[in-house]
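Can you read through this structure? Questions will come right after.
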Amino acid sequence: MAPTDRFVSENTFYVRYAETDAMGITHHSTYIIYFEEARSHYSRVLGASYADFERSGYWLTVGEVHARYMVPTRYAQLIAARCWLEDLRSRTVTFGYEIADAETGQVCVSGYSKHVCIDHSGHVSHVPAEWAAAMKSGLPGSEK
Amino acid sequence: MAPTDRFVSENTFYVRYAETDAMGITHHSTYIIYFEEARSHYSRVLGASYADFERSGYWLTVGEVHARYMVPTRYAQLIAARCWLEDLRSRTVTFGYEIADAETGQVCVSGYSKHVCIDHSGHVSHVPAEWAAAMKSGLPGSEK
Amino acid sequence: MAPTDRFVSENTFYVRYAETDAMGITHHSTYIIYFEEARSHYSRVLGASYADFERSGYWLTVGEVHARYMVPTRYAQLIAARCWLEDLRSRTVTFGYEIADAETGQVCVSGYSKHVCIDHSGHVSHVPAEWAAAMKSGLPGSEK
Amino acid sequence: MAPTDRFVSENTFYVRYAETDAMGITHHSTYIIYFEEARSHYSRVLGASYADFERSGYWLTVGEVHARYMVPTRYAQLIAARCWLEDLRSRTVTFGYEIADAETGQVCVSGYSKHVCIDHSGHVSHVPAEWAAAMKSGLPGSEK
């Protein structure tokens, strides 16, 4: 379940037809993309967009992804994609996710992803201070 | 350009990272999915959702798709996906599309798709009257 | 690493351009699809295709997916997608995966997925005996 | 239909589950990716891989795509993706495509794509001579 002690971003959108599969449900790989869009939204809302982060010379590579599927979703269902910061260290970041039905609130998929900060030459790097500060504003004890 | 004599739906969303490619731009196949989501939105706005259309026993199969690419888009760009009805006959429907930058208004991609109505046993069918009426409410001369 | 005590299927294919992202590498969600194609191949090779499994009235829903990303891959790289059976119980199946560079052998991504067998009315079901037998022929002690 | 007066490349692969949709068939956007993979294969077979083309400082941007859908395909169906050169001018290239059932030979989808050669600074450029020569070896009158 999404934590209650920190900022949880939420963006809503409809399941696209192309995202469904022959079982008639949203294909499981789609949620990995929903996770990614949820963390884009998280950083956008905290004023530190990932697009700017990239332009400043860094990438957050994906080291690990995990998803647990509880309830299927379907075409045209309104989805709430939630994201929060699990952990931010000098060179790594972990996000948590929850994909829910936006109308009933039922949680359908949960997951997390772990990232390593690299610079554009491919070397592991410290997460830049300004971006880290914005991300951390979502953690417990911050004013967010 | 989008027509000015009929209803043009517009939904906005951000380009997702997964939709980009190694050229650093939105992959051209992505816009075919944006077209589809734009026509989902068109029917939703006109009160005749495609999800309900399907549940009532029909499908609109895709017979033809065309896209013209003018300006690339990029990750996190805010997109306006526009859709309108080009033509609706007893068994076929044609939609037009325009994908624009939501902030500058610049049109980036345009296209159309042609569809044939079939029932769930796979036979070509008349477009159901109620759904056709809702779609046509976007045509010139309607009150929409 | 892929186990040495059981059958490991391997299919090879090239990374598609559409599967890359703006980092210039294969997007991390792509590997979830490679995993799926690898398990399609596993069952195909063992003579119990998943397409037939579905047609016989069952689905293997995905309950959990995990991927660990070690080395990026790129457009046109020849990939070896390996799959093996981790575990098969009366109602659940677990597959392991390894995505490697087909030429150098370097392992780039590893993962697993857990599945629950349901019938087409959505009820949890026993894995059908014939299909289970084919799958198990890849386990240690089988003649495969 | 694929032309008989010139080289037509063909690569075969299975429809992936993730490529299907809730109609139970291969989603129409998938074929745009099959087209792309078919032209990757075309250039690979003619000894002038697109990956090398890119590394030499150029891109073939997509200016237009068209697809005509005749027969649906399904999960695990073996596909033959055919590609040929329609036209090659100093700055533009047009490819034709045909997606067929590899076993029955039935043509399911046809299409074309038009491309403009640009350099990595984004300027329209002449198609590099060596790559153009390799592509043209597939045209009528060449020895291919």
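The first chain written gets the first letter, and so on, giving A, B, C and D; residue counts start at 1 in each chain.
Keep in mind that, in the parts below, a contact is a pair of C-beta atoms (placed from the backbone, for glycine too) under 8 Å apart; a residue touches a chain by one contact, two chains touch by 3 or more.
Not measured: the values here are computed from a predicted model.
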Copies subunit B and subunit C touch via same or different residues, half shared test: same
Relative orientation of copies subunit A and subunit D, as a Cα rotation angle in degrees, nearest 5: 180
Subunit B and subunit C: spacing of chain centres that average the CA atoms, whole Å: 35
Euclidean distance of C-alpha centroids - subunit A vs subunit B, Å: 28
Separation of mean Cα positions, subunit C and subunit A [Å, integer]: 25
Shared-contact residues (touching 2 or more other chains) in subunit C: 17-18, 22, 29, 33, 36, 54, 74-75
Chain contact topology (line, ring, star, complete or other): complete
Touching residues on subunit C, where the partner in the complex is subunit A: 22-23, 28-29, 32-33, 36, 54, 59, 61-69, 72
Touching residues (chain side subunit B, partner subunit A) in the complex: 13-14, 16-18, 33, 36-37, 40, 44, 49-51, 54, 74-76
Sites on subunit C touched by subunit B in the complex: 17-18, 20-22, 24-25, 27, 29, 74-75
